[in-house]
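See the structures that follow.
Two complexes, one shared chain (subunit A), two partners (subunit B, subunit C).
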Partner chain A sequence: MKQIVTLLCLAFFASVPIWLTDPYLLNALITTGIFIIGAMSLNLLLGFTGQLSLGHIAFFGIGAYVSALTSLGFDVPIYGDFHIVHVPWPPIAGFFLAIVISGFCGYLVGRLSFSVRGAYFVIVTISFAEVVRLVALNWVELTQGPLALTNIPSITIGLPGLGYLVLKTKFHNYYLVLAVAAISYFLISRLVHSHYGRAMRGLMENETLAVAVGIDVTKTLTLAAVISAGIAGAAGSLYAHYIRIIDPDVFAFISTVTMVIMVVSGGKGSLAGPVVGGVIFGLLPVFLRPIMPPEAQWITYGVVLIVILFVMPRGIVPSLAAKLGLARAGGTRRASVAVSERTAEEHA
Partner chain B sequence: MDQLLQHLVNMLVLGGTYALLGIGLTLIFGIMNVVNFTHGILYTFGAYMMFIVVHQLGLNFFVALPVAIVAGWLLGAVIEITLLRPLRGADIDTTMLVMIGAWIAMQSGALWIWGGVAKSIDNPFPDAPLVIGPVSVSWLRLFVLFAAALLIVLAYSLINLTKLGKAMRATFQDSDTAALMGVNVSLIYTSTFAIGSSLAAAAGALLGPVYVVFPQMGDLAAVKAFAIVILGGLGNITGAVIGGFILALAEELGAGYVSSGYRDAMGFLIIIMVLIFKPTGLFARAERVG
Partner chain C sequence: MAETVLSIEHVAVHFGGLVAISDMNFHVDKGEIVSLIGPNGAGKTTAFNVMTGFLTPTKGAVNYCGADLKGKKPHEIADLGLIRTFQRTSVFPNDTVYDNVLMGLHRQGKVGLAEAILGLPRARASEKAQRARAAELVRWIGLEARANDLAGSLSYGEQRLVGVALALAAQPKMLLLDEPVSGMNASETHTFVQLIRNIRDRGVTILLVEHDMPMVMSVSDRIVVLNYGRIIAEGPPDEIRKNPAVIEAYLGQSAKDVVKEVAVHA
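Let's turn to the complex of A and B:
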């Protein structure tokens, strides 16, 4: 039943570019899709391990810069006459390198910051993202600083026997983003339903107990951080090759907040949560733009976040699932089954 | 050597206002366990109040300062009563996200009302700096240092000598027992938030005339305040004062001897280093952390 709904949703998303030809809306959908991938990766940390990372945009930005620099090449003086020179590689190599390097950064940050919890973890992750932003701003030889990296090539895919396909149009990029989103969704779904996923939820609910039954906390959290950062890096790479210009503003704190809003409003710890929250908050500006100035849009954003936290603190998807679960519990099933199913659904 | 002396003088001026920011946040963070993302916006608000009173109402600079502080106190009380009071008992992530929402809304509000163009505030002090040997410091900065020192002493006395301060300290140690002893914990929370906010507004009102005033000025101030609180240890007022000066020193030396582009990175690096090597802060009282 669940798989059928997921497949139907996927089919619906796949059909969009066929009947929606407005380039402005399609552009909004592509950027929203990229941010939904980021939000899904954030949900892996926030929703399944309970760690609120507010530096998530760092991995997104690192992915964007790695991918852009790999495909553009660079010549950076390190010391005196010693230079590091890199000749441009195909963008698709940049995409995979972005995943690897972002994942590695996730490993480092995870190892360092999982020694603290709660508010301290949040502040460490914010600091990490800001340090990375300041490096991107000040290391002008590598990143061009505020002048931005421009003319980033589009991703090219080699098709056996058919030559090369350059993914330059919105139509192509939409499907590229959809494919990466679907793969990420599948990966995260497999992970949270595996042994590791149960370990993650175990230590989110009661860390002391989880340690007592033999869960390796650091290993489990680091694994989540690596995969989460890798997926965020993939999203960053897609962003760089779609927008084709990036500057240090890609690390803006507000982008992390956007992802957090998507996860929290949709429902953290629910696989479909970030997608639902992402579609709502990604497309909200499209509908608000004609009726109010940008400042008022952001005010609305902030107010909507507060209202959601007051009214539906668990998010849209779990609240709806709980309602459906209650309705079903009234039927023939035993109550205990319904309850355990409801908890399962919250995490599904 | 002369350069170092100059950096030390700058450090004193900057450190005083940082200490104000830090005390305000450490009170809120320590007593209420709320990660207050609106702290930076209160800083911005204080600076804009200064601008409004001096330039739009045409009143005296020295009248504007208390007005900004009182306005910060009121705004803090309003935020606490409308947003935090209904969420008592909610987990720390929820209150943090609500504070982020409030911060986004209020910062965009500031941008809407006052526009994005940076504004400067006139001050009544002479332009020529005070020169003592190799060191020069403007009269305005000297005034900022003394005003900040006065406010720090006031905050200190409030917390250590008054009945309200005693109730605040009791709530910090154990809110349930404090409530049993007849402390109105809800009122203490509101007062704490209002006092912390007024200190942030004071810092903004003092630094606003030194630099320029713009809607995003509070973002970095908020992060610096977090760095100071972490450095000094949660809820530790003395730690916050020392932390403020340490951060100011690190920034001055970083900007002077490394690169001015990395001045603002110092706060973040301090946060990361302290949390990795000494997560309880440099001056932690061993109990009640985390």
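Let's turn to the complex of A and C:
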């Protein structure tokens, strides 16, 4: 049942560029999609381990810069005549490198802060994002600082002998973002339904008990941080190659807040939550823009958020699921499956 | 001579100037049911915390199956098969009973990350085996009817049972139960005593902390009495019941009536 709904949603999203040809709306959908990927990665930490990363945009921005620099190349003086020179690589290599390096940063931040956790994790992530922003702003030889990295090439896919496709148009980029989003969704879904996911949930609900049954806190949380940061890095890379110009403003705190809003309004700890919350809060400004002045837009944005959280404090998806009685259905199905498996074994 | 599973050697725990445990020595043999009793604040839960790595003792050592537990983290101790339950927060409240037990199975059938994410055959088989095992444990503990209810919505007595099922899922060689029957009524307690014996018969050594004296007297092979952080008596229930030091420590000097009551219960 749940799978059918997921597939129908995917089919719907896939059909959008066919009937929606307005480039302005398509552009809004692409950037929203990129932020939804970021929100999904944040949800893995916030919703499934209970750790709030308020510097999540750092991993996104690192992904963007790594990917851009990999495909643009650079020549950075380190000391005296010693230079590090990097010749441009294909953008797709930048995409994968962005995932790896963002993931590694997630590992470092996780290792540093998960031994203390809670408020400390929030503070470490905020500081980390600020430090990275300052580096991007001031290491002008590498990042061009406030002058921005420009002319970032579009992602090219293809196989030798089969020809190449430069993903330059909005139509192409829409499907690229959709594909990465679908893969991320699938990956997170598999992860949280495995015993790794159960360990994360156990730690969030009752850490002492979780530890007592043999769950390794640091290892479990670090794993979540690495995967979360890696996915955020992938989103950042997509952003860099789609917008094709990035400056240190990608590290803006408000972007983290946007992701948190997407996750919390949609429902943290629910797989579909960030998607629903992301679609609403990603597209809301787009629809408000033509009908009201800028000040009123932000007030409306805030009012919508407050109303959602007031009416559905746990977020849209969990509240609706509870109303429709779907939340329990999953558990029942699993248990009955297990019972029937057991009887099958007894018969055998 | 029975094989010693757990031995506590000259353990002391100080919190700043406060002495929670001054010098504790005792051991538990394989297949035994041993109770650790004492008035509130005697240091029973502190002792549990030391044995399971939640607290580092100020002095002394804890040996489990011949290995020194010094410096081991709680999850590493759990990996050795020494599993505990908790007095108050014994369950994962927002998950179903069935999922609670599944979480207890964490130690079993760990598969690689890539295998789990890609759903490779080994991961699928392991997951299937774990689910079957969880269903079996839920049935064994007698909570089949509540398998799909949130653990937090169960009665205290039932939550205790879930806590035990969770601990059993972790496949303990030795089980430490912290006040397992508090919040249970008489008949639930009676059933629980049977359950503890069943667990022991499965080859699990048991150490429990409990205030319910009749229960302790009926289930224990041996009792260790703790007061003000030191052991004041140790022996089989019959001896402990008559031990004047225990009666005094536990019930106060002028508690003749209560002493009689204990005798009646026993």
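Just so we're on the same page, the second predicted complex is superposed on the first by the 304 of 348 C-alpha atoms of A that agree within 3 Å, B and C clash if a C-alpha of one lies under 4 Å from a C-alpha of the other, contacts with A are read in each partner's own complex, and residues count from 1 in each chain.
By definition in this document, a contact is a pair of C-beta atoms (placed from the backbone, for glycine too) under 8 Å apart; a residue touches a chain by one contact, two chains touch by 3 or more.
Owing to the predicted nature of the structure, the values given are computational and were not obtained by experimental measurement.
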- Query: Does subunit B (first) or subunit C (second) touch A:298, or do both, or does neither?
  - Reply: first
- Task: Check whether A:123 is in contact with subunit B, with subunit C, with both or with neither, and answer first, second, both or neither.
- Result: first
- Query: In the superposed arrangement, does A:165 touch subunit B (first), subunit C (second), both or neither?
  - Reply: neither
- What is the contact status of A:202 with respect to subunit B (first) and subunit C (second): first, second, both, or neither? second
- A:8 contacts which: subunit B (first), subunit C (second), both, neither? neither
- For A:93, decide between first (touching subunit B), second (touching subunit C), both and neither. neither
- Task: Could you tell me if A:324 is touching subunit B, subunit C, both of them or neither one (first, second, both, neither)?
- Result: neither
- Touching subunit B and also subunit C: which subunit A residues? none
- Note: in the complex, subunit C contacts subunit A through residues 52, 54, 73-75, 78-79, 83-86, 89-96, 98-99, 102-107, 109-111, 113, 116-119, 123, 127-128, 130-132, 134-136, 147-148, 163, 166-167, 169-170
- Flag every residue of subunit A that touches subunit C in the complex, lowest number first. 187, 190-191, 194-196, 198-199, 201-202, 205-206, 208-217, 223, 328, 331-332, 334-335, 337-339, 341-342, 345
- Query: Given the complex with subunit B, which residues does subunit A contribute to the contact?
  - Reply: 52, 112-113, 115-120, 122-124, 126-128, 130-131, 134, 137-138, 253-254, 257, 260, 264, 293, 295-299, 301-306, 309-310, 313
- Item | Contact set on subunit B toward subunit A in their complex | 29, 33, 35, 83, 86-87, 90, 92-94, 96-98, 100-109, 111-112, 219, 223, 226-227, 230, 259, 261-262, 264-265, 267-269, 271-272, 275-276, 279, 290
